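Chain nomenclature is as follows: A, B, C and D, assigned in order of appearance, with residue numbering initiated at 1 for each chain independently.
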Amino acid sequence: MANSKYEYVKKSELDDRLPQYNWIVVRIDGCHFKRFTSDHEFEKPNDECGLNLMNSCATAMFENFPDIVFAYGVSDEYSFIWKETTEFYERRESKLLSLSVSFFTSAYVMNWKKFFPQKELKSRPYFDGRVVCYPKSWMIKDYLSWRQADCHINNQYNTCFWMLVKTGKTVGEAQEILKGTHKEEKNDLLFDNYSINYNELPAMFRKGSSIYRERVEETVKLDDNGEPIKRSRTKVIVGHVDIIGDQFWKKHPCILKEK
Amino acid sequence: MANSKYEYVKKSELDDRLPQYNWIVVRIDGCHFKRFTSDHEFEKPNDECGLNLMNSCATAMFENFPDIVFAYGVSDEYSFIWKETTEFYERRESKLLSLSVSFFTSAYVMNWKKFFPQKELKSRPYFDGRVVCYPKSWMIKDYLSWRQADCHINNQYNTCFWMLVKTGKTVGEAQEILKGTHKEEKNDLLFDNYSINYNELPAMFRKGSSIYRERVEETVKLDDNGEPIKRSRTKVIVGHVDIIGDQFWKKHPCILKEK
Amino acid sequence: MANSKYEYVKKSELDDRLPQYNWIVVRIDGCHFKRFTSDHEFEKPNDECGLNLMNSCATAMFENFPDIVFAYGVSDEYSFIWKETTEFYERRESKLLSLSVSFFTSAYVMNWKKFFPQKELKSRPYFDGRVVCYPKSWMIKDYLSWRQADCHINNQYNTCFWMLVKTGKTVGEAQEILKGTHKEEKNDLLFDNYSINYNELPAMFRKGSSIYRERVEETVKLDDNGEPIKRSRTKVIVGHVDIIGDQFWKKHPCILKEK
Amino acid sequence: MANSKYEYVKKSELDDRLPQYNWIVVRIDGCHFKRFTSDHEFEKPNDECGLNLMNSCATAMFENFPDIVFAYGVSDEYSFIWKETTEFYERRESKLLSLSVSFFTSAYVMNWKKFFPQKELKSRPYFDGRVVCYPKSWMIKDYLSWRQADCHINNQYNTCFWMLVKTGKTVGEAQEILKGTHKEEKNDLLFDNYSINYNELPAMFRKGSSIYRERVEETVKLDDNGEPIKRSRTKVIVGHVDIIGDQFWKKHPCILKEK
C-alpha cells in the first residue's frame, strides 16, 4: 500500500517559522479558570497554594526549555520569554506554542497533589496559549510592564471587591462601590474599613512572580585546610519584584541582552 | 498606575483566524514518547492500555469540543477534524491548537491511573501539535488515508521488527533483515517464522482508531403495553475500520458534508 | 569578496505560497484615481475611453497569464480570478500580486495613447492590489456578485449625482437629495427629471465588464468544393452581462469547474 | 439590490499588517528582462541609459513615498528601505508591495522616452516585487552589503564574459574560461587581454546606485550687502559608493537610526 499518492496533503502544512532575531513571548492562560477555581474552592482573591502550583510549573519549564530566559506569572496566566536567537525546533510557532502549553498542563496536573494534598482534582484544568514576537528588547520590557501593571490594577480591585463581598456586600453592591475609584481611593477603602495596608500585602499578590536564572557561588565542600571550595552555578530564581522600573534590568543585564 | 502607555504591545498580536470554509485538522503527537513509553515499559510494538488511554482522551475531546466531527489516532498521535464552518474562538489558530493540545494532555495525565493502575507516572507526558487547513472534504479523506496508510506501513514493519528482536536478533540485524522488504514478504516472514497471520492481529493495531458521532436509537423505557419507547440520541463511536475506501464514508455521509 | 556571510538575510524571506486548491483573486484598484481622472478630464460618471483602456489592459492580462480564467472590471478596479490549480510561480502571493499589478500598470501607460490620442499623460497612473483566496467556487460566484452589485449601486448613485451636478446643483445639494433614496426613487429621479431610462444606459456602465475565454469555431479557408474549413480556437471575450444570476455560469460551466 | 448577503466574502481578506518596529525592504526586480534588454538592444554588460532610467524611477519613488529612507539599485533590481516606524497604509504588506511596484513600473514606461529618445518601447516592461522585514538596523546593513557584494561578483563576471564574447569567443567558451576563477584572476584577465583596469570602470557599474536624502545648505539669494542668504533643505542624492564598510553609515547616522 504505497502512501505516496496521499502525501500531497503535507504540502498544506505551512512554514510557520518565526522571524529571526525577534524575542518570542509564549503566554499561557487558564481556560474557564473562574469555574475551575470555584469548583476547587480556591481562596479569593489570591490562593497562595494555587499560585505556588503555577510557579512550580513555570520553574519546570525553565528546566525543560533552556532557551526561556524570563517568565512572569500572575493569577492563572504565565508569560515565557524565549531568547531572540533561539533555534528551538527552528523557531516553528506551532511547536513552541503546543509544547509549552502541553508541558505546562502536564506539570499542573502532576504537581497538583503536592500543593493541594487534601483536594481531589474534580475537572480537567487546561490552558490556552499564544505566541507574540517582539523585535526589540525594550519592547519586551514594555510587554512585561504591561502585564505587571495589569497585575497591580486587577489585584487592587480584587482585594477591595472580595473584602466587600466577604463582609456582607452583594456582588452588585461591591461593583457599584468600586466603579470609577482611583488607586488612592481603593487604598483608603482597604485601610479605613479593614485596616489593611495594601503595600504590606504579600509581594507575590501585588507584584506577581518573576522567574529567571542567576549565577550563584556555592560552597561545594571544604578543602584540606577547612577553606570552602566554591563553584559557580546557574540557579533558577522565583522573585516578586518590580520589573517596571529600570533597577531590576540594570542588575540583570544579561537576561535581555541583544546580539 | 495607568496601563495605557504599554498597551501598544498588544498590536504585535497577529490576527490568526483560519480561512473560512476550510476543514481544520489539529494533529497531536507525543513528544519524546520513545523515551516515555520505554520509561513506562509499554508493550511493543503496541501497548493496548496505552492505545486505550489515547482513545479515552480523544473521546473526551469530542465531549468538550462539539465542533470536532472526526478523529483518527494511531500510536502516540491523534488527528482531530473540525467542521469547515466552526466558529470556535473565531477560528483562531492559536486557540484551536493550544486548547486542543492542553485539554488532551490534561486528560492523559488524569486518566493514566485508570488505564495503568499498577504504574506510577515517572515523567511528564506532553505533546506537540499543529494545525492544517484543507479547502475540500475530499482532501480530508486523502489526509486520513495518508495517516491510515502510514499506520499500516509502520505497524507491519514494527510487528516484524519486534518479533525479530524478541526472538534474539539485535536491533541492527532486525533492521538489516527488513530493509527493502515488500508487504508480502513481511507477511510471509511473520507467518513462516512465527505463525502469525498479520490480518488476524487486532484491528486497533492494524487500522488505528476512528472516532465519530452516530445517531442511535435506544430503548429508554417500556410503555404501559410493554412496548419499548425509543429515543434517538448521538453517541460517540470508537471504531477500527478501513477509512481509505469509500465504504465508510458512504455509510456516514454527514461527517464530511459540505455546505 | 565572499557573499556568504551576508546570505543569512535571505532567511527572513517568508514562504508565501498560497494554500492548495483555492481559487485566487487578485484585485487591482486605481490609486488616487479621483485626482487622476480629474486631471485628465475623464467624462463623469463614466468615461467610455477610460473603461475601454482598462478593458484593454485586462485583456492583455489574459494573454500574458494563461491561468487567469475570469476577470471582472468596474470603474478603476479589476478583479482577476486565477484557477484553483494554478502553479504559477508556485502560487507565491508576492509574485502573483506584483506581476499582476506591474503588468497591468505597464499596459495602462503603454495603451494610453491608443485610447486618448488627444490627451497627454500628465501624471503617473498607478494601482494598488490585493490577493484573496477562496476555497470553493461558489464563493467566487459570491465574490463576483458582490462586485457587480457594488457596481450597480455605485453607478446608479453616480449617474443621479452627476446629472444633478451637471444641471446646476452643488455637490452638497446633490448629496442631500440622494441621501437615503432607494433604487426605485433613483430610477424615478432620472426618468422624471432627465428622461433617462436607467436600464437603457450602456450595459458596460450598468453591468461592468466580464472577460473570459470561449471556444469558437472559425472558418479558416474554403476547401476545393468551396465548403468552409472550420477550426475551433479559444477567444477572449469581453462582455457586459449579468453574473449574479445562474444563467451565465450554466452557459459557461468550464470557467469555475472544480477538480 | 442589497449587497449585504455577499459581503461575507470580505472576511476572507487577511490582515497583512507587517510587524511593528521592523525595517521593511521592498525589492523590485525586472521580469524577463534578459529578453526585454535584448529586444531593446541594451549595451552589455551595463547599459548606462538603462541604469539611469532605473535611477530616475527610484528617485521618483523618494518623492512619492516619503517613508522610504534608502534605496539601492543594481542591474534591473532595486531595493527600497522603509523606515521602521512607517505607518503608510497601516504597514499593510499588499499595499506597500503593490503601490511600490506599480508606481515604479509607471515611471519606467513614462520616463523611457527621456532616456531612450531613439528607441520605441516594443514590449511591456514589468517587475516582480517582494517584501522582507528586518527587526534590527544592523540587519539592513547586512542586507545592503549582500546586494552590493552580489553586484560586485556579477559585474566582474559579466565584464569578463562580455569582453570575451565581444572578442570572438562563443558563450560556451567564455563560460569555460571563467569557471572557478577568483577575483584576482578575473582582474588579470581584463588587464592582460584588454588593458582594462577593473577598478577604473565607472563606479555606477561596480558599486551600484545608492539613493538617500541629505540636508544641504543652498544660497537662495543675496542680501542687501551682497551676502548669500542660505537655507537648509533636503535633497535626494544618487551616489555610487561603498555601503559595505562602516564609513558611509558613520557619515549618515540618521538614515538607519533606531528609536
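Note that in this section contacts are C-beta pairs under 8 Å (C-beta built on N, C-alpha and C of every residue); 3 or more make two chains touch, one makes a residue touch a chain.
These numbers come from a predicted model, not from an experiment.
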### Task
Could you tell me which of A-B, B-D or A-D has an interface matching A-C, in the sense that over half of the contact pairs are shared by residue number?
B-D
## Note on the structure
A student comparing B-C to C-D should find more C-beta pairs in contact for C-D
### Message
Can you compute the centre-to-centre distance for chain C and chain D, using the mean CA position of each chain? Integer Å is fine.
### Response
31
### Message
Taking the mean of the CA coordinates per chain, how far is chain B from chain D in Å?
### Response
53
### Task
Report, in whole Å, the distance between the mean C-alpha point of chain B and the mean C-alpha point of chain C.
47
### Sequence positions of chain A contacting 2 or more other chains
8, 12, 14, 19-20, 133, 139
### Message
Graph shape for the chains shown, where an edge means the two chains touch. Line, ring, star, complete, or other?
### Response
complete
#### Entry: Contact set on chain D toward chain C in their complex
1-3, 6-10, 12-14, 28, 31, 60, 94-95, 97-99, 101-110, 121, 124-134, 139, 142-143, 145-146, 149-150, 152-153, 183
### Summary
The chain B residues in contact with chain C across the complex are 19-22, 133, 135-136, 139, 258-259
### chain D-facing residues of chain B, complex
8, 11-12, 14-15, 19-20
